[in-house]
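Pasting the structures here.
Each of the next two complexes has subunit A plus one other chain: subunit B in the first, subunit C in the second.
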Partner chain A sequence: MFRTQLKYIFLALFSLTFAINPALANTDTVANEGIMLINEKSIAHEEVEKEETDIVETILHHVSDANENHLGTMGHTHLTIPLPCILINKETKKVSFFMSSAFHHAPEGIIDGYKMEHSRVVDAQTGKRDTFYDLSITKNVFNMLIGFVLLTILFFVIKSSYEKRKGQAPKGAQSFMEPIIDFLIDDIVVKNIGPNYKKYLPFLLSVFFFILINNLLGLVPFLGSINSSGNISFTMALALCSLLVINLNGTKDYWGHIFAMPGVPKWVLIILTPIELLGVILKPAVLMLRLFGNIIGGHITVLSIVSLIFIMGKMGQSMGGAAAGGAVAFPILLFVNALELFVAFLQAYVFTLLTAVFIGAAIEEHHHAEEHH
Partner chain B sequence: MTGFAALGAGLAALAAGIGIGLIGSNSVQSIARQPEAANDIRGAMILTAALIEGVAIIGMILSFLMN
Partner chain C sequence: MLLKFDTLSLLTPDLGLVFWTTIIFLVFWFIVGKKALGPIANAIKDREASINDALNAAEKAKAEMSQLQADNANLLKEAREESAKILKEAKDIKESVIADAHNRAKDEAAKIIADAKAEIDTQKKKALEEVKNELSQFSVEIAEKILNRELSTSKDHQQYINSLVENINNN
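After this line comes the complex of A and B, so read on.
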């Protein structure tokens, strides 16, 4: 059963490769690719200072969102997955819809007054992104959808094997997932929320597995530097969900403790209430920043260590330097990637744990035993 | 200004390092004293470490923004 499902997954992934569009190299975009550029002559005469800013730019380019999924460059051929661009001009309200690969065929690379710069759609005149709304399926959204599809398939596989093997020992993917889900339920959800945990279980499990799959996808090399969980919009959306779940389920006691902490003198409340109100926003805000910072920090660390090869090889001038850089970078990279694998699990765990703790605090029934003495 | 931003990130990391070091040392001590409570202590340890780590991350992000 699982094996046939696995075939479907591979089939889906394989059909994705058909979408890869080997667009011809455009010298302007090549010049901005830094890391891909070992053999380009133009870099050879640049000064050291220029190289450093180049590397910083390359790293930031790799962790930021993009309007096309750039997998790599082989010689002069760019391997990119074209993504749909949906752009709304702020002044004329004109909606433009086209695939990002259309830029390579358009005259001077301009469509509807937009052009592609560093894999990002910008205004052709100003070169900035503030004159239009970008509702495109960007690289992050695309990778998030891949994660979503993988998760959906995985959980349907498990569901069907639970139906088929009722009362029997788990098998295959089922026996891989069961201990994880058991651990989440016993150690995170029940412990922190209490007996009424069932209402919050779907949300917390979804959050955990969605963060986990996106973190893990971010560790797969050669897929166009996936960084969806290292994007602040992604974590903000998740934190917003947590904020709503925590506060919409808050009991009278919870709000009472925020607006009028019992057992505290009136004049102290003037100071305490704003702090408590701030705490309502700050808790999800820190959840958002923690996940974002950890994942993007890990990706920047990996990219910086890779850049070591290019710094020591002086951007393609010195083969020996590059080899030495590679020899230094390789074991460090291996270690950092192993650490990132741990962090991927830890951050998903921490996000779920803290959400469960906050929900538990919000729905807790206070008995105030000390007041009835 | 870049230097100051980096300095701030370093200070945040320093403070978080001290905090997480204290958590680690104390939780290892308490696990050594009461090995049967190891699971509870580990959970509390990760929770507190995550809370402290948030501060370091905020420092790091601020230094990104200042750049």
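After this line comes the complex of A and C, so read on.
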């Protein structure tokens, strides 16, 4: 988490340097206006700073969830996929259900006391989101469903080819996925869980592929900047599932080690037991933060580098600056995207691996517990 | 730089999204995970096991084959040795038989010769005896005829004749 924040701060500073440095900001003054006076320079400086604030906000909006899927803007036409909004008012318990596109036709853009602000539904009066429950199919839910459908088709096709070509060599998609699945079974599941691995196999494989598809979808450009797995809610939901699977399968030994570590003096337990109990929550919490931090960090990096084009192009005022920004951004972007592709696999792997390790530790039978401690 | 955006919202879990993620993941787990990924994993492991078995069986068959070949070679070698031995024995037997026959023939011949010699000797003795007898008969007859004329004349003659006869008999 710390690393991610650091990355975020660094990038924000990195992009800011371009804006604040007057020399850089004015590289295109000759091509643009000609002579620039000192007072004009200070005005331009303020404008750039404001634009910069806009860019940071744009980036943060891009990585946040939204109640509509905004794909892009062509001139004045917004390409937006409307998504269903399901809103429950906390006080009146009134359930509102409508498509997000309805806001654009509603009088003053207000429906049932809600309005849309930066693609997000807010209370029309307070402008905040704490007066209602938002169970809408949001951008992230929508993208998750795309991933879900893709994986469902893929794996049922593969399953049917395994049934059709039983005992034969794999073919097509089957042979593409087989090494991955085989690797997951051998190096994650069996290695950490042991001979009773079959019970946990569907869960662990599901976790891996569910995270992976959302990570990979997040790398596809022009789909409305998908950031499902870089959202803390997404990682929290998965971490909660892991928490339940780990602890509901915990053996007596596992709980015994948490509540009363064998071979430890009684008074030490007063300190040790709370730490162990905290560990039960912390393990999945770390999973949650690691995945969230890595993916959102990657997305902010990519968006920041893309923003170079807008910053150096001074928001469309300078084509030369935009071209220079593009020239600078393109190789970095290529590198960062390749890195993100690796991270997409790595984080899915790490999440699954650690879940398997925790499950393995929870179901392990300690035969010689007294000797060890 | 003042941000209107509430950066803390990025770190605050959203109830709706947690809810939908959980639902979608659980559905994914129970439908795709249990109905597709599980069977796929089982199929992969089953095939892996069957391939391993087949490879092991092939390896075993190969070892058996080479063992069999070695056995065959051994058998062939033994048979060859056996036949050589039999041939040698037959040759020995042949030689000894021939040698035997040779010796026996030699002995037989020697015996026959010896027998023939003995026979000849006896025959010769017999013939000599007969000749002697004939001769003595003749002599006696001749002597008788002579003596019949002279015997009466002298006793000395008689004595002399007797000694003659004695001599002949001794011969």
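The rule is short, and it goes like this: the second predicted complex is superposed on the first by the 322 of 373 C-alpha atoms of A that agree within 3 Å, B and C clash if a C-alpha of one lies under 4 Å from a C-alpha of the other, contacts with A are read in each partner's own complex, and residues count from 1 in each chain.
Here, a residue touches a chain if its C-beta (ideal position, glycine included) is under 8 Å from a C-beta of that chain, and two chains touch if they have at least 3 such contacts.
It should be emphasised that the depicted structure is a prediction, and the values quoted were computed from it without experimental measurement.
Of the two partner chains placed around the shared chain by superposition, subunit C is the only one that A:L205 touches, whereas subunit B remains out of contact.
Once chain A of one complex is fitted onto chain A of the other, the partner contacts of A:L150 are absent, as it touches neither subunit B nor subunit C. Using the contact criterion defined above for the overlaid structures, shared-chain residue A:L354 touches subunit B, although it does not reach subunit C.
In the superposed three-chain model, the partner touching more residues of subunit A is C, compared with the other of subunit B and subunit C. When both complexes are overlaid on chain A, the residue A:I332 reaches neither subunit B nor subunit C. Of the two partner chains, neither subunit B nor subunit C is touched by A:A106. When both complexes are overlaid on chain A, the residue A:G293 reaches subunit B alone and has no touch with subunit C. In the superposition on chain A, no residue of subunit A contacts both subunit B and subunit C. Residues of subunit B that touch subunit A in their complex: 39, 43, 46-47, 50-51, 53-54, 57-58, 60-61. Those residues of subunit A whose C-beta lies close enough to touch subunit C in the complex are 16, 49, 52-53, 56-57, 60-61, 63-65, 86, 133-138, 140-141, 144-145, 148, 151-152, 155-156, 158-159, 162-163, 166-167, 177-178, 181-182, 185, 198, 201-203, 205-206, 209-210, 228, 231-234, 236-238, 240-241, 296. Subunit A makes touch with subunit B in their complex at residues 187, 191, 286, 289-290, 292-294, 297, 346, 349-350, 353-354, 357. Here subunit C touches subunit A in the complex through residues 1-5, 7, 9-22, 24-29, 31-48, 50, going by the rule given at the top.
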